[in-house]
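Paired with chain B in one complex and with chain C in the other, chain A is shared by the two complexes that follow.
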Partner chain A sequence: MKTRSTKVTLGLYTFGIVWGFVIVAPVFWLALLSLKTPLDAFAVPPKLFFEPTLDAYFAVFGDSKFLAAIANSFIISVGSVVLSLLIAIPAAYGLRNMRGPLRYNSMLAILLIRMVPGMVYLLPFFVLYKYLNLLDTHIGLIIVHLIFNVPLIIWMLAPIWASIPKDLSEASRIDGATPLQILLLVDLPLVKGGILASSILAFIFSWNEFLFALILTRRTVVTLPVAIVNFLAYEGTEWGKISAASMFIIVPAMVFGFLVRRYMIAGLSSGAIKG
Partner chain B sequence: MAEIVLSNVGKVYPNGQSAVTDLNLTIRDKEFLVLVGPSGCGKSTILRMIAGLEDISSGTLTIGGRVANDLEPKDRDLAMVFQSYALYPHMTVAENIGFPLRLAKVDKGEIDRAVREAARILELGPYLDRRPAQLSGGQRQRVAMGRAIVRKTSVYLLDEPLSNLDAKLRDQTRSEMVDLQMRLGVTTVYVTHDQVEAMTMGHRVAVMKDGFLQQVAEPKVLYNKPVNAFVAAFIGTPAMNFLDAEFVDDQLVVAGKPVTVTDQARANLRTHTGTSLTLGVRPEHLALSDSGIGAEVSGVEWLGSDAIVRVRYSDRGAQKTLVLRCDGETGVKRGDIVHVHLGRGIHVFDEAGRRIEDGT
Partner chain C sequence: MAAASMPDTMALVRLSYRRSNSGYKRFVIPAMFVIAVLTIVPILMTVALSMTSLSYLNTRPTAFIGMENYVELFRDQRFLNSLWQSAILIFGPLPFQLLFGFFLALTMNERLPGMGWLRLIFIIPMFFPPIVMGLMWKVMFTPQLGGINYYLSLIGIQGPLWLGEPFYALISICIAAIWGWTPFVAVMFYTAMQTFPKDLYEASRIDGATWSQQLRFVTLPLLRETALVVIVFRIMEALAIFPIIFVMTSGGPAGSTETANYYAYTAGFQFLKVGYASSIILTFLAMLFIILGPATRMLLRKVGAEGER
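Right after this comes the complex of A and B.
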């Protein structure tokens, strides 16, 4: 490999730093906003130094509707991840043993499901759910999220699975393992990094998902992103509460991502590396 | 008692490609049989059919007197060592070796005892808590062996188990494996493309080519009486020399000179009068002398006790090369003009490459 010239390296770093600011700036703004009093929030020019207050947080966490939204989001995200794994793991295991056009077309079909804009699914699901009485239920939203999470997990796991040498499953067959034992004792421990990484991406998707949560729920199963919108109330927009609640949505995703970043990188680039 | 009998066994892949054709082979109880041949000859396919990893398209496979065509691999009472070793990366050495027993629901204390015993035999004691990634190639290979011997099966299948080791380690491991097989007395089928491994390890060696069994015999027989030119060329280093020959006026003639053959050979050769024959002779059976085929030395490789001498001669206008194994003390140099004497260890093959018996 040719060593990069200092100029190029400098350019790349500069770009990286600037881009980093572009991404972090709104979050930083939001974080500051959540600590300001309503008066400071609208000061012109914006104040960088002010007396921080946790009033907005107390307000948000004192709001029983918001607490219910946390519970709802958590139930739906975890439920969707668990159910997605139950479907996607056997699917990826099956795809491992496929070859040629069958595998290619199956993978493509799965990807296409994920590629279709959510709006397309919205109306049919709304009508269907109305008849099935699934509107405004946890399971209803969990099922909709499967459309997005199952393909995501399959697509992340399939290449990792394909990189496990076939000899291993053959050796375990001779050693006396049943297909289920091969899956549980040999394959799953080897793809656990990928499972963890894809679960977290799926969790974050469900946690942040807004469109379906807005349309397919009413009052009972309001999730966090929808709850935030509800702070845009008749009596005026509560910027403090919105920013505090937003911070609360961002933080778990960031913490998760940070804890498992090693697996995330391995999972996301799994097609490129050989296990 | 675990004799393996393959009768009329064939393997045709779904795409129509034929990997093994009409194979008849009996692997005797406690025998170390080596399957050898160039890549793509079907040797690994045979091993995988015995293991149960490939379906058998036609014919019958019996293991220990039981028809095994449709048995699951685990019900065939055999263990297999893979070329890649196929160790489970997430398990320690002890867990790897004990895995087959764990699957068989053997109790923990018993597994522990068996693993320790296998580790003692293979000198893996200090490494039991390590993972495969922390082991050297030779140690991994021994772990793979350990996983096989811990099960006390009556058949071992070994698929090029030494090909990932460096030369020195390979020599050492080779003799260790032969020793181990003798001690354990387990019927062993060993696949390799390396004819040196085949000749040094096998009680008998089966030579394969393009899915057909060419010859199965003890190494000495294979070397001294190859049934055809392919086997003759495949076994032995440096390889056997082949010269164009014909039988005219009741004499075998090579490069314009008559070659002495036995009376029996002469009688058999008469039926081939006028056809183009091939004469094969091993490098150690050629000698430099005062008379014979005139040639020029094109290279000398000195190996210590002996030397490999390459010479060029011309036969009816075409340049040909011969390889001789000479005494290490030989004084010939590149560029010398010499004469090569043909006399001992002559093999004659007919137009189709089949051996013409010489009665010796």
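Right after this comes the complex of A and C.
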């Protein structure tokens, strides 16, 4: 009995380490590639030890198009998070205080809408934006990102909000505070951790989003994921630049992601339209 | 008498709901309005577009053509192929994601030295931009550039031209999908496992159950509901591999990795036949909902109950 359970533990441990290797190996490979010269990149057998060079990083950061893409990605992600928060926080607050089928059906409708593949929204938005001259604008992309970020934030905040004690807001209500006063003065300070976590997750989704950015931008508001793909298409596949740029886009997503990993489940199970 | 008073009670409950909700509705209405404008309106527009001949290439005026796009769709071999390929790319990686995810969750559940770090490593793909995932695997499968075929040759296996042959291109994308979304399955299972009552394991251990018996008779039955949730989400979101297909194969070679939503993209934004593309994506969406209908209803009831808390 005892030996069997040790064997099981060892087996699981081994599986975990192997899987950890499977996860890390390709990322490591990409990181190495970003430090190789083009000659080393295609060497056979592959070089694990070589003289690293930062040429690719200098090339990427000397590229004005890439710098513009960083700015665009940042503006669009932050803009969409701020706008989403303004819409989603009152909604999550209202839904938390509502009861009965109205609340249930609202939560359901929000979830259902998130489950629809992005391509369904993309075609009409393209037609509409073409007509309204919103193609290739920051605000155009910010608006589209609301489709996934508003439901994400509502669905993440709802359980967090439900977990804080209701006594304080009840007491303020009896003292004659209006719902708006309770939201701003009593509840908001209590859920600020949850708001931060959901903002970060929404930021990551915007930062990583590819499909909408690919179609709804042209030249001026290209975001990072699209800019990387452009290295692939136009510049004769410069793998050094592609891998260096990839490293740049991964790192913020990773760092922020690790910070909010505890809240991941709520965010992820509310679904993500990415394609 | 009791039967007659029932509806009255219900009416009272409803009234009390209405009264207590009335002050909060105005907080929810703006969000509902925004969501409706951004989603329901486009969906209705897609339905309308799918019945037109809208194309940005031809100069003829756009006409209402009823169901013509849909009729053409089922004569379009490329569409039928894309459905088959969607099925492969949705259901191919799924069993592996479930199996590996399950054992990964069991591993995460163990208290072992270094497990904190290992858990961090496991969830890396969850924040990974899908586009970079695609680029990374394209690198790995490109001859010379990625080491895969070299290391396979060391153990005597002649690696195929991964992205150059239809069969292996599909396999390559499946591998990327397994890498990318197994952690999601694992974390869902792991979270569920932490809520399992400890005394059940305790009791079964005292009864002399072995580890595999515990797995079979305690863990797996408890995981059934979570597994359903995971499967529905994985199927609905499986086509989020669009960016991966986009960079790894662009739907090729010879259209062999083109999924339905990829074909909708090609038809809509490369051939610029927006009307036809709308009918493609709507037909696919309808099929998805029909397949997932019963499971989704069950899931929504469960999720709805969670939202109720």
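By our rule, the second predicted complex is superposed on the first by the 237 of 275 C-alpha atoms of A that agree within 3 Å, B and C clash if a C-alpha of one lies under 4 Å from a C-alpha of the other, contacts with A are read in each partner's own complex, and residues count from 1 in each chain.
In the analysis below, a residue touches a chain if its C-beta (ideal position, glycine included) is under 8 Å from a C-beta of that chain, and two chains touch if they have at least 3 such contacts.
Source: prediction; values computed, not measured.
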{"item": "First, second, both or neither for A:A197, with chain B first and chain C second", "value": "neither"}
{"item": "Touching partner for A:L157 - first (chain B), second (chain C), both, neither", "value": "neither"}
{"item": "First (chain B), second (chain C), both or neither touched by A:I70", "value": "neither"}
{"item": "Chain B versus chain C as contact partner of A:A171, first or second or both or neither", "value": "first"}
{"item": "First, second, both or neither for A:L183, with chain B first and chain C second", "value": "second"}
{"item": "In the superposition, chain B vs chain C on chain A residues touched", "value": "C"}
{"item": "Partner chain(s) touched by A:L108 [first = chain B, second = chain C, both, neither]", "value": "second"}
{"item": "Touching partner for A:R99 - first (chain B), second (chain C), both, neither", "value": "second"}
{"item": "Residues of chain A contacting chain B in one complex and chain C in the other", "value": "275"}
{"item": "In the complex, chain B residues that touch chain A", "value": "51-53, 72-74, 78-80, 82-84, 86, 88-90, 99-100, 103-104, 147, 151"}
{"item": "Chain A to chain B touching residues, read off their complex", "value": "165, 167-168, 170-177, 181, 185-186, 189-190, 275"}
{"item": "Footprint of chain C on chain A - complex, ascending", "value": "1, 4-5, 8-9, 12-13, 15-17, 19-20, 22-24, 26-27, 29-30, 33, 41-46, 87-88, 90-91, 93-95, 97-104, 106-113, 115-128, 143-144, 146-147, 150-151, 154-155, 158-159, 162, 179, 183, 204, 207-208, 210-211, 214-215, 225, 228-229, 232, 239, 242-243, 246, 249-250, 253-254, 256-258, 261, 264-265, 268-269, 271-275"}
{"item": "Chain A-facing residues of chain C, complex", "value": "13-14, 17, 20-21, 23-28, 30-32, 34-35, 38-43, 45-46, 49, 54, 100, 103-104, 106-108, 110, 112, 115, 118, 120-132, 135-137, 139-140, 144-147, 150, 179, 183-184, 187-188, 191, 210-211, 229, 233, 236-237, 239-243, 246-247, 261, 264-265, 268-269, 274, 277-278, 281-282, 284-285, 288, 296, 300, 303-304, 306-309"}
